[in-house]
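Following are the structures in question.
Next, two complexes with chain A in common: one pairs it with chain B, the other with chain C.
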Partner chain A sequence: MNRKEILIELKKVLAPYTESKAMLDGINEETDLIKDLNINSANLVDIIIDAEAQYNIEIDFDAAEKMYNVGNCIDVISEKINKPA
Partner chain B sequence: MNNRVVITGLGVVSPNGLTIPDFLHAIRNGVSGIRFIPEYADLKFNCQVSGIPEFEWDQLHNYITETSLYGLKGKGIAYGIKAALDAWTDAGNEIVSEDTLWETGCVFGSSVADTDVIKIAITRVDAKESKKLGSRVVEQIMNSGITAYISGRLGLGNKIINNSAACATGTQSILMGYEYIKYGMAKRMVVGSSEYVDRYVFGGFDSMRVLSRKFNDEPEKASRPMSLSAGGFVPGSGAGALVLEDLDFALARGAKIYGEILGGSTNSGGQRNGGSMTAPGPDGVVRCITEAMADSAITAADIDLISGHLTATIADKLEIQNWARALARTGGDFPFVNSLKSMIGHSLSAAGSIETVAAVLQLKYNFVHPNLNLEDPIPEILDIIGANNLPTAKVDKVINTVAKANFGFGDVNSCLIISKYRNN
Partner chain C sequence: MMNKILKYLPYKSSFLFVDNITSIDENGVTGDYTLKSDSYFYKDHFPGNPVTPGVIITEIMAQIGLVVLGIHLMVNGVQKDIVMDEGSFPLLTSTDVSFFKIVLPGEKVTVISKKQYFRFGKLKCLIVMHNEGGEPIAKGMFSGIIKNAVKKDQINE
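What follows is the complex of A and B.
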């Protein structure tokens, strides 16, 4: 799965957690989950849980801390997909 | 400082109505919300009927944000949000405010945090999958989840309190909100209570043999307060909410006024002299009612209607004896007495607030709602109250003052005195 494909999937994971639907449609690798999508910081753990289920991967604490914008999320997900736990 | 406190908004999630107009229609016409619950037959409960609101999650779409609704599983919280926000808009307010409303607070009660949500947590943790619980469990299993959701949505900044006093919870929450306004600590309070009786709480009561079991095939006849053939109460779920305001604050914004809280009392019999964990002590009950009348500066003769606790257990007879002692009135001189539980069952901590909403509607629209299933009143009750004062059909009558009381496990009592608002 390439970065563009992961981004399309990631949009679906993020959808339930943002009220900024128009912003979500236009996300790019620079989009900040909290600042741009107005996602409640407590919900970042839910996004990680959903991403783990979506991609059948495990995201550890250290990796999770890096997931604050779309690009970081894609980094972590693509790394885990390529090296399954 | 003794500010007058008026009621400016009502909301309800009841087994016989999910909006104030539907609920008003139901209580005028004696519409029962008690139904047979197949799940309870499967579970081998003795009581297989319940009062459950016809609530669907979709109904919350316009109440909270989509992100907040996603992941909300607690029905007690859901009922409370709907009732509270309905009361808020009924009072003429917008749901979303930019800024914190420092003058407005919330006292909203509950008895058991939602065990459906607790069960999710238990199942996950025991399967060694706590990592998958996510961020939404804690906020829904904490007792104050209900006040956290309501106050957060409305931006309330005054006292935010989740109270719990078993079946006296609802009247107590209203009394607490009233007191904060009366003594100048708040201008406006969103008050009420909610209850979702899940299978585990239901099972606990069922095991105590205090639930109705003889009318499983005739659900609408199962809840029979004050009836000789009553054999226990019917559990129910729901929520009731009111917006209380300082009179001047309400007048300044041109709010419509349903009625006035004249006063009230909450106390305990101390589980002495007939009082126990499960039974209200007569002295505490009588004292609670007389204190409520004194706080309201009324006499017993002023009371037109008693909205009783009256659950359909052996305690009904004792309750009537206590009212008679407190009011020193008997026979045809006794106030009208009714029990909303005959239509919707006993919704535990939500009972007091739903019944207070019903009491306010009877004041506002001048009627006494019928007691269902009271074709055979307990003779000892008829020795105290004239049969005409236990209406089985709606009575149209000017109602100026209602006494509303509830009594809960732990021997806790709450009584409110509510009247028409008079500009004097």
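What follows is the complex of A and C.
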């Protein structure tokens, strides 16, 4: 999966957690999950858990800490799916 | 009784809503609380007709079901990455509760919590509250975190 494909899937993962639907439609790699999409910071954990199920990967604490914007999420996800544990 | 854990609870007097913990392990907790007839909120909720506020029911469920279990998981090192220190305190991050029965002053309520997950410092539980007759009072999904928890490797730095 390339970064564009991951972004399209990621949009579906994020959808239940944001009220900013217009913002979600226009997300790019710079979009900040908390500041731009107004996601409850504790729900980042649910997003990580959903992403794990969506991509069949395991995200550890150090990787999770980096996942605050869309680009970083794609970095972590693409690294994990291209390097299965 | 497994009340040793109660010494870790940060709440005091009028806002402590846990009397006993009767069972606890890494997957859940059961505890009880008896509503005090002289609690401050009954005077005004409602004058001459004291009924336990839903927000207090929610708080009892959160203290027993989330905070006690969360502290148990941290104190007993189930979550190895993150620990509490003096500046840490529990914070409720979401609730979704349905209420089935009212609770009157002096009633004893039992709270049963089942862990859904505990990851990256966030604990999510399905929590139910029963009265002494075993009838459901409230049920819902609760989540919380420990604010200002510290990563273990940072302590040694």
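Here, the second predicted complex is superposed on the first by the 85 of 85 C-alpha atoms of A that agree within 3 Å, B and C clash if a C-alpha of one lies under 4 Å from a C-alpha of the other, contacts with A are read in each partner's own complex, and residues count from 1 in each chain.
Keep this in mind: a residue touches a chain if its C-beta (ideal position, glycine included) is under 8 Å from a C-beta of that chain, and two chains touch if they have at least 3 such contacts.
Just so we're clear, the structure is a prediction, and the values are computed from it rather than from any experiment.
Student: So, A:40: does it touch chain B (first), chain C (second), both, or neither?
Tutor: Both chain B and chain C are touched by A:40.
Student: Thinking of the overlay built on chain A, is A:64 touched by chain B (first), by chain C (second), by both, or by neither?
Tutor: second
Student: Quick one: classify A:49 as touching chain B (first), chain C (second), both or neither.
Tutor: both
Student: Of the partners chain B and chain C, which touch A:19 in the superposed model: first, second, both, neither?
Tutor: In the superposed model, A:19 contacts chain B only, not chain C.
Student: Quick check on my understanding: which residues of chain A belong to both its chain B contact set and its chain C contact set?
Tutor: In the superposed arrangement, which is not itself an observed complex, chain A uses residues 40, 42-43, 45-46, 49 for both chain B and chain C.
Student: Using the touch definition from the top, list the residues of chain A that touch chain C in their complex.
Tutor: Where chain A meets chain C, its residues are 40-46, 48-49, 61, 64.
Student: Within the complex, which stretch of chain B touches chain A?
Tutor: 65-67, 70-71, 131-132, 134-136
Student: Which of the residues in chain A end up touching chain B in this complex?
Tutor: Per the touch definition, chain A meets chain B at residues 16-19, 39-40, 42-43, 45-46, 49.
Student: With touch defined as at the start, can you tell me which chain C residues reach chain A in the complex?
Tutor: Within the complex, chain C contacts chain A at residues 81, 93-94, 117, 119-122, 124, 143-145, 151.
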